[in-house]
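Working notes for the structure below.
The chains carry the letters A, B, C and D, assigned in the order they are written, with residues numbered from 1 in each.
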Amino acid sequence: MKRIVAETAVMLSLAVIMSLSPYYSWLFVLMSIYSLLTLSWLFMRKAGRISMGHSFLFGFPVFLASAGYSFSSEVSIQLFIAGCALSFVIFYIFAEMTGRTAFVFLTLVFSIFVWVSSPKLVFEKGGYLTGGEVGFSFPTISQKELHILTGGTLTLFYLIYRIIGESRAGYFMRAVGDDETASKAVGIDLRKIKALSILLSGMTAWSAGIIYGLEFGHISPEIFSVEISVFPFIASLIGAGNPFASVLSSFGLVYLSKILNSMYPGLMGIVYAAILILSPKIGWWVYVKGKRLDEKAG
Amino acid sequence: MLMAENIGVAFNGLQVLRGVTFSVERGTAVLVVGPNGSGKSTLFRAVMGTVKYRGKVSVDGKVIEGMPPHRRFRLGIVLAPEKMRVAENLTVRENIEISGRFRDAVRIFPELEHLKNRKAGVLSGGERQIVVFSRAVLSDPSYLLLDEPFQALSDENVERMISEIERRKRRAGIAIISHDRIEDVVEICDTLYFMLSGRVRRVIEIESAEQAIKKLEKYMIL
Amino acid sequence: MLRVNGLMKRLDSLVLLRDVSFEAKKGEIICLYGPNGSGKSTLLKIISGLERADGGHVFFRDREITNLSPWEIVENGIAHAFQIPRPFRSMSFLENLAVSCMRYMDTDDAFRQAERTAEEFDVDYLLERSSSSLSQGELKILEILRAYLTGAELLLLDEPFASLDVENARFLKEKLLALKEKQVSMLVTSHRMRIMEEVADRFLELKEGKLYAHG
Amino acid sequence: MALNFLVSFFSIALMALLVSTNFRIGKFLNLSLGGLFAAGGYIAYFTPNPVFAALSGLLFGTLLSLAISKICRSVIEATVLSLGAGILIERGLEIVHRSSYYYFVDFDYSTYVILLGAVSYLFVLGIYLSPLGLKMKFVEEDHELAELYGINTGMIFTVTTSLASACAVLAGFLSSGSLAISPTTGFGYLISGIIVSALTAQLRQVGAVHYLALLAISFAAARFMEVLI
């Protein structure tokens, strides 16, 4: 418990310090969005599912909402809710349909599919074409409000993550993450736990999506890009699976990408690529856990 | 002679084999027994090169360190792996023809003839075993490693297998891991290795089947 | 208590179980033996819901439980222990046991219950060990106690003695007898007849998917 | 119109073939093929030489397969590594071109894609119908078993990955005339290839039959997939 309080205190003080300058406030919001994305990914990872298509969970509702915003705020809200429900259902169906390995492929391929096909969404509005590669606009709020909203959301979901870890649901999620068959055999309702972990993951990602929209005032198909999909994987790889370290490494990665991309656009992509290529060497813990015991018992 | 000296294997930091020495001469057969998890299969796989190991493996005096399994195969070492490993989506015929002529297999096990176009994945355990066994034997190995060949096998086929092993033994060295039918297998073997938690605990020269079984019963429940 | 009636299982064209029927009484230990591939494990998996039956019925305490999902069957009081132990690898011995109890009690009570049970069975020295550091014999104990702690009245044990040496097998045998004193019924597959003769009340032989009763 | 349809049909069929061979023989989903395709377009823009395109693909494929066999132990690891390689190419290309987002080349070889696709299919079918076919089927089914029976799986893996990479670069090179070239050009092709080969995999066929089915399904899917590419 002490540790959770200390970790939260660190995050809150970061939030306060970074609110002092407008640039850093903007950066803090961006870092928090990515940290939320990582947390969201960790919720699913806890129940044993490695998602490589998290950009879909993160981007789909807010993408729909921004398309709806071209018409009215009501349509936007309705579409957002529909997007949340739909993305939850799709991920749940994926998790029911597939084992661990196939889930990685399916989510990855699906998110690339959405990324490639989302620019096809174009419609005419008041004589102008909107959508396509450019995307849609989204309402904004003042930077101060956004800063407080973001800091609050991040702290909230971090606390939820940590508190769930100590609870019955958290133990069940870990058990399912370790071995689905054995979990069934000790009476854990696999469907419920899968649904729970996807729901928690979704709630985190959806909130991050809204904040993303509010921060940029604009959503383009790039919200589904492969880089966003693999970001949480990379961040938790560097954070060695520890939630606090993963949140901090998300902060660090965003900061690094700002520095590198201002030196040379695309440079951060090279860093991501290098980490992915070396991941079997440095991220053994991500992969190794899924393996069954009899493989090593020979 | 096929010789494995001081073989050590570790998976994820867990020692599965700790300095095992093991050898088979041409013209002899050895039986390896021990409880599950004692490292028998891992020993065979180290000899075949499908797991990483420390130590030295040599065949007919030639050291074969760092050689991938397919080159060891070409030197005449053949492993019939455990768990009835067949290529499930290929037919019985295709499964066997990878190493030799199908009709030679039919000569040992006549029932293969009417199974030939069936996919290996739908075979029963016993049928799979004869596919695994004939595939290994047909490549005419100098050293044959059989991992649990008698599992789930009918009595008739056990006899066919044992007489085929006896026939092969004249020219080849044969090593067998078995839980089942130890009384029958001991009859055709010359040496018995008893393994426990990654070590060879006893090497018994078999003089008669009864004597060997008696010694073995001190260590395990048969 | 357990009644199995005309159970059938096919795999493509292959018949794994044909018309298997038997009954088990409370507190009884039944040993199921037979050659490899005769369908022993499949039978256990069907009873515990891990595999589906293609025909026939399973009743437990007069309720039909055929083809329910595994967690519903655990709810009814049947638990399965695997042949190759499947511990939750990120957890300690204690946590593994506690997870089992959490189905019906809150987390703090679950940990206390797990500790108490470990003491009862003289394995409390293992509590803090991580499950990846346990030996084969210790893993078997973990597997069986974890199944017991789901609140089961019938345990399905798949080859509990298969990978144990003489010493560990004796140790495990004592634990099974201790469980028997608590009136837990067991259906055990094994081909180590000598040790089973000291434990089992009754033997059933499964051969090519058919069941034969023996003294 | 008919010609256009044939071009997209063979583009999709070719990508499906590359994805499928890599997955079945190499045991990984090769996600670098999209990046390689885009790289083909860039080569067409800067040094319009098909031999150079093919050779650079071959070199890249060889490096990729060596990296995978050195450090990867599972399908997922290999797939993630290939994704990293794909992003590496894509970002590399982004750094190469800074002036504008799209490039256009002033020649159009895109009809040759039909030839490349047809030749690739004939080549693969030929191998599967030859005595080498049984060995390939064994590699598809079970790497270790194939290795135990004297098949050099490492060599087959390297050759398959290298040839597939060369093919992907070449396909991108030939298609460049009909495309707006950008670093992410290849993803549409890649994703259609993956979808087609995933659909075909549901039929659970092996050997030559599988590749014929792949061609048939590409034909059926070409109309729907055209929008993606």
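Keep in mind that, in the parts below, contacts are C-beta pairs under 8 Å (C-beta built on N, C-alpha and C of every residue); 3 or more make two chains touch, one makes a residue touch a chain.
Keep in mind that what you see is a predicted model, and the values were worked out from it rather than measured.
Enquirer: In terms of CA centroid distance, which chain is the most far removed from subunit A?
Expert: The chain farthest from subunit A, judged by C-alpha centres, is B.
Enquirer: Where are there more C-beta contacts: A-D or B-D?
Expert: A-D is joined by more C-beta pairs in contact.
Enquirer: From the C-alpha centre of subunit A to that of subunit B, how far is it in Å?
Expert: 50
Enquirer: Give, as an integer number of Å, the spacing between the C-alpha centres of subunit D and subunit A.
Expert: Distance between chain centres, rounded to whole Å: 30 Å.
Enquirer: When the C-alpha atoms of subunit B and subunit D are each averaged to a single point, how far apart are the two points in Å?
Expert: Here subunit B and subunit D have centroids separated by 40 Å.
Enquirer: How big is the gap, in whole Å, between where the Cα atoms of subunit C centre and where those of subunit D centre?
Expert: Once rounded, the distance between the two centres reads 49 Å.
Enquirer: Listing for subunit C: what residues touch at least two other chains?
Expert: 136
Enquirer: Can you pull out the residues of subunit A that are in contact with at least two other chains?
Expert: Counting only residues that touch two or more other chains, subunit A contributes 297.
Enquirer: Name the residues of subunit D that each touch 2 or more other chains.
Expert: In subunit D, no residue touches two or more other chains.
Enquirer: How about subunit A: which of its residues touch subunit D in the complex?
Expert: My answer: residues 50, 52, 101, 104-105, 108-109, 112-113, 115-117, 120, 226-227, 230, 233, 264-267, 269-270, 272-281, 287.
Enquirer: Spell out the residues on subunit C that touch subunit B in their complex, using ranges where they run on.
Expert: Against subunit B, the touching part of subunit C is residues 11-14, 35-38, 132, 136, 162-166, 169, 192, 194-195.
Enquirer: Taking the touch rule as given, give the residues of subunit D at its contact with subunit B in the complex, in rising order.
Expert: Answer in residue numbers: 134-135, 137-138, 141-142, 144-154, 204, 206.
Enquirer: Going by the contact rule at the top, pick out the subunit A residues touching subunit C in the complex.
Expert: For subunit A paired with subunit C, touching residues are 166-168, 171-172, 174-175, 177-179, 181-190, 289, 292-294, 297.
Enquirer: Given the complex with subunit A, which residues does subunit D contribute to the contact?
Expert: The touching residues are 29, 31, 67, 71-77, 79-81, 83-88, 90-92, 94-95, 98, 187-188, 190-191, 194-195, 198, 227-228.
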